[in-house]
Amino acid sequence: MNIHEYQAREIFRSHGLPVPDSVLAESAEQAREAAARFGGTVVIKAQVHAGGRGKAGGVKLASDPAEAGKAAEAILGMEIKGLVVENVLVAAAVEIATEAYVGIVMDRTSQRPVMMVSPEGGVDIEEVAATKPEAIFKEAIDPRYGLMPHEATGLAYRLFSDPALAKQAARALAGLWSAYEGADATLAEVNPLVSTPEGEVLAIDAKMNIDDSSLFRQPEIEAMRDEGAEAPSEQRAREAGLSYIKLDGDVGCCVNGAGLAMATMDLVKYYGGSPANFLDIGGSSNPEKVVAALEIITEDPSVRSILFNIFGGITRCDDVANGIVEATGRLDLDVPITIRLTGTNQKEGVKILEGAGFEADTDMDRAVRRAVEVAS
Amino acid sequence: MNIHEYQAREIFRSHGLPVPDSVLAESAEQAREAAARFGGTVVIKAQVHAGGRGKAGGVKLASDPAEAGKAAEAILGMEIKGLVVENVLVAAAVEIATEAYVGIVMDRTSQRPVMMVSPEGGVDIEEVAATKPEAIFKEAIDPRYGLMPHEATGLAYRLFSDPALAKQAARALAGLWSAYEGADATLAEVNPLVSTPEGEVLAIDAKMNIDDSSLFRQPEIEAMRDEGAEAPSEQRAREAGLSYIKLDGDVGCCVNGAGLAMATMDLVKYYGGSPANFLDIGGSSNPEKVVAALEIITEDPSVRSILFNIFGGITRCDDVANGIVEATGRLDLDVPITIRLTGTNQKEGVKILEGAGFEADTDMDRAVRRAVEVAS
Amino acid sequence: MAIFIGEQTRLVVQGITGRDGSFHTRQMIEYGTRVVAGVTPGKGGLTFDGAVPVHNTVAEAVVEQGANASVIYVPARFAGDAILEAADAGIELIVCITEGIPVAEMMRVMLFVQECGARLIGPNCPGLIVPGVCKVGILPAQIVLPGRIGIVSRSGTLTYEIIFQLTSAGIGQSTSIGIGGDPIIGTDFVDCLRAFEADDETDAVVIIGEIGGTDEQTAASLVKEEMNKPVVGFIAGQTAPPGRRMGHAGAIISGSEGTAAEKVRAFQENGIAVAERPVDIVDALRAVL
Amino acid sequence: MAIFIGEQTRLVVQGITGRDGSFHTRQMIEYGTRVVAGVTPGKGGLTFDGAVPVHNTVAEAVVEQGANASVIYVPARFAGDAILEAADAGIELIVCITEGIPVAEMMRVMLFVQECGARLIGPNCPGLIVPGVCKVGILPAQIVLPGRIGIVSRSGTLTYEIIFQLTSAGIGQSTSIGIGGDPIIGTDFVDCLRAFEADDETDAVVIIGEIGGTDEQTAASLVKEEMNKPVVGFIAGQTAPPGRRMGHAGAIISGSEGTAAEKVRAFQENGIAVAERPVDIVDALRAVL
């Protein structure tokens, strides 16, 4: 789950990172007030779940409250990568001597969180990785021991040779690890971590992604979820325990298992069709999930053909069949459904479907081809 | 450092152990009020740093407030193993179905904390270990992973076969580990952990020892120190950074290093003398420590001979010599001093002492023999 | 022989009394797997289906029933500890079906599993099956056929699909194994490929990958460097839009790494023929056998 | 040869610019120890006494100066991490002089040291000295004499006392080592006894124990079972009252374990002659040589 910059700032601050004061504003008026309170130049930043806010015009400097109000007015309601800006962050602008990058990301290969730092901050770190890899320093963190103080110190001296700055940076890195670990993050990033001409180290941006599987033990972070930042259908799917991603095509796909769902979409495309969505009903056998899935798919007006591709394992074909029968009974469906059903309790499932007047194929290739034909 | 039962109860409770409500009373009146508040039978327990309170008469049951007042009156002011009772704990008495022992202790051999449980609780666990070792179950805890839930569950089923009780016990064990780890304890113990006829598991006693070396990072626990429970001389020594234990003899010993201090005491005894104390001025070179040490030793009226045995290493002989000269200048000493001084900066040290009119020997055996002779 | 499981497997089922655990235990027993014990804390002393003794702990199941392998069907918030418990009890092979274990927990669990010298398969995986001999997990038995092809996959149901295609074409399998799609898994492609290379009963291997991470690329290098047996592959996720998650926690396209196109290229450059459709695996295999 | 240190030792001093660190660095250099680097974060780039390069990290000292051993003089609250840092940097021998590291921290530190395959001596120990060759720690050099007796002790200054007695009697030492008196230490009696048994330059060993724990008993068994060289011993704490701590965190008499009388008996029963006074060690040694 993504959280907003202002939320990540709060978490970082509570773990001892040097995050300057800021205010969240929902209106130009609030932004004006905040700017008046801070005095001097402020920065106004769009709070959306999208990178590249600066390039999109979502970050502006304002030298007085009136200008801050205007800047907020311009940013609020702006659309960045399809997401509407509903809040802006207002913070006192900081004079910058140097900009560094510091971040922690879950690394599949080492199976550990890896802390990455670079004195080349303030720009896209992937660009630094591509053009100047020698300027990125990494330390894999053993989660049994956590970030050891000397690891933080070692990395801090990669950023600053001045001991006073390096000490502050080491403390910031310790705080970043504490925040990452405490929040069950998969990414925690400050870009840039700046030093000021007065010799202060400050975290003036904040980014965090949280492991979805950990949210059950992170109620405070779960409460940070911004439902406005999700499409309603995706929100609905999440609540029903489904993985759903809306796409641009017209063949609605309902599949059990992410890999099979992707292979199904690939096959839809192979046969000249275009998938309307990715939808994985997951591994458990709950007819209610099938009902929710069918509802979500049919709410998409582009969908002209619905394809079920179910290969029973822990998911049982009879449960899915019951869900299909129940959902089609409840909904007023005018989109044709193609069903492929095989695996655990296949016989029972086919029987249930046939009893309700559905045909069920057992061959994926054939079913996909038919669903594509039906759509065109 | 030892903490009192009532303090350990608070720590245990904050870590989720099922500790029944209790009140600390300094007077019979307060105990009466507490008993009235609880209603029914209460238990009154002396709060002193000593085991065997029950046998010494420091634990009493009272069936009504009046009786509770009387019991508290009897216990307050009582002396248990040389310690005066200044507080009593008042708690509602619990009906007991079974009594178990649960504890965690730092184990030198495995270099890990070891959790021990026994269904034979309510009695001295060392007695159980001696007479019925098969009734004690142990689990070494890997501090990198902490007490794993299945370890707690496994031990809980050693205590209770009833799943409802075992589940409560497993939670209590998890809480005990959390308290042990969180407080930097070297011992955390509940004896007994009881089950009631109603099927509740309760921790009705609490004991904790805290690692002295960790107190710098445990300010809340350091604040629990009961200075009344220490002899004033030992308190003074602690504040000066010395290890001091008062004994019954007449040869005051001031030594650097615990092993050499013990060997010195042993040698005093070998030559027919009797050490007045154990005193280790530690490994650092601070003349102030020597001053404090000499003051503490001379405040003991039994001391008839003072013996310094200093073997310089990280401790420097000149620092110790300066301390001796300074302290003897400040104090009005009428007890003879025998000094043995050798090792790092020996020459400088001897010079300083001789300049102040002291003799300094380099041979331990000879110095100890002389200090014993002087005392008799 | 096959890989990892076989007639020597003495299985304990963790979570045997749950909905999924009981269902799949019956399926495994029916298939011939030697399920020697079950574990559900608080149900120790019961007998599952009048045949399988239930214990409170895995340690008991090891001592009293000689269990040497375990399969886990407990809910996500208990599954990490279930793996630790199995490893702690000396279980050699642990198969974790459960999905949704926190990543941070799995990182610690994996370190412990490695310290114990155990092999973990999964989590969030369908397990493995040696047709006609033994199945551990949830792979549907009716679709497999004894034979000499090894199958290894990050996916669950997509694996079934591939097995189904092979079986429909009369091509049997030595072992089929789903390693799981999570970011942290116990046994990876490389482990399985090496095991298949060493297995006398396997002639060729099918590897089924998907978008996210670089495990397929690593596997492809291994195939080129270490394997003599032919390997054919399939990659799911050609149509996945970059930057969006596709269900598996691992299915993230991050920067320049992890797209389906890259993985297909890595396979092809290292001598792994890539099937366009699941059904094409059959022809790809026939071409190399 | 001697044990653990020698001419091959390339030492880095952690905390070289502190009061104790700088004092003892000078003493070690004067004695001939090859101090190749110092570490104090923030002082990287300086040169200590115009001779020893100072680095910000141990890793730098390893890479740039080829350090293979470390000695730690940093304050207690930083000393645990200093050990971790040395082990992490690949240092093979770590000698920690610092006293007062929290026990809970040391338990984790020890596990990490073991994972790194390093040897830790201490903490809260005086270090070790090979007379005439090399000293690492704080043992006073003027009291040692080259020779063929190994000394191992849990104590600090009591060790000096024993060395002093031997030297005064003209009996030289191969290596003297203080292992520290804390509850958690890196190298114990058993490790040292085995090393002395294997050391060509050692003819006999003096073991100096004290009350608390059961390390002396374990050592005594080892002497009987594994050692051919004669061993003599001394135990401090005959007059210690039961249940009171005597300075060392380890010096606790707990239950039936750990009294001086028990340890003396364990020594005697396993063929270790026990000296009553420190000075009697000389005669005890002469009797077995």
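The chains carry the letters A, B, C and D, assigned in the order they are written, with residues numbered from 1 in each.
One rule holds in what follows: a contact is a pair of C-beta atoms (placed from the backbone, for glycine too) under 8 Å apart; a residue touches a chain by one contact, two chains touch by 3 or more.
From a predicted model like this one, the values you see are computed outputs, not experimental measurements.
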| item | value |
| --- | --- |
| For subunit A and subunit B, chains touching each | C, D |
| Chain of greatest Cα-centre distance to subunit C | B |
| Comparison of A-C and A-D (more C-beta pairs in contact) | A-C |
| Centre distance in Å when subunit B and subunit C are each reduced to the mean of their C-alpha atoms | 54 |
| Between subunit C and subunit A, distance of the C-alpha-averaged centres to the nearest whole Å | 28 |
| Residue list for subunit A, restricted to those that touch at least two other chains | 144-145 |
| For subunit D, residues that touch 2 or more chains besides their own | 108 |
| Category of the chain touch graph - line, ring, star, complete, other | other |
| Touching pairs - complete list by chain label | A-B, A-C, A-D, B-C, B-D |
| Sites on subunit A touched by subunit D in the complex | 145, 148-151, 153-154, 157, 163, 166-167 |
| Residues on subunit A engaged by subunit C in the complex (per definition of touch) | 106, 108-109, 111-113, 126, 129-130, 142-144, 181, 184, 186, 211-214, 216-217, 243, 245, 247, 255-263, 265-270, 275, 278, 280, 282-284, 311-315, 342-344, 346, 364-365 |
| Subunit A-facing residues of subunit D, complex | 41-44, 56-59, 78, 81-82, 84-85, 88, 108, 112 |
| Residue ranges of subunit B touching subunit A (in the complex, touch as defined) | 144-145 |
| Of all residues in subunit D, those that touch subunit B in their complex | 20, 24, 76-77, 97, 99-105, 107-108, 110-111, 126, 138-140, 142-143, 153-161, 164, 181, 183-184, 208, 210-211, 213-215, 234, 236-241, 244-251, 255-256, 276-279 |
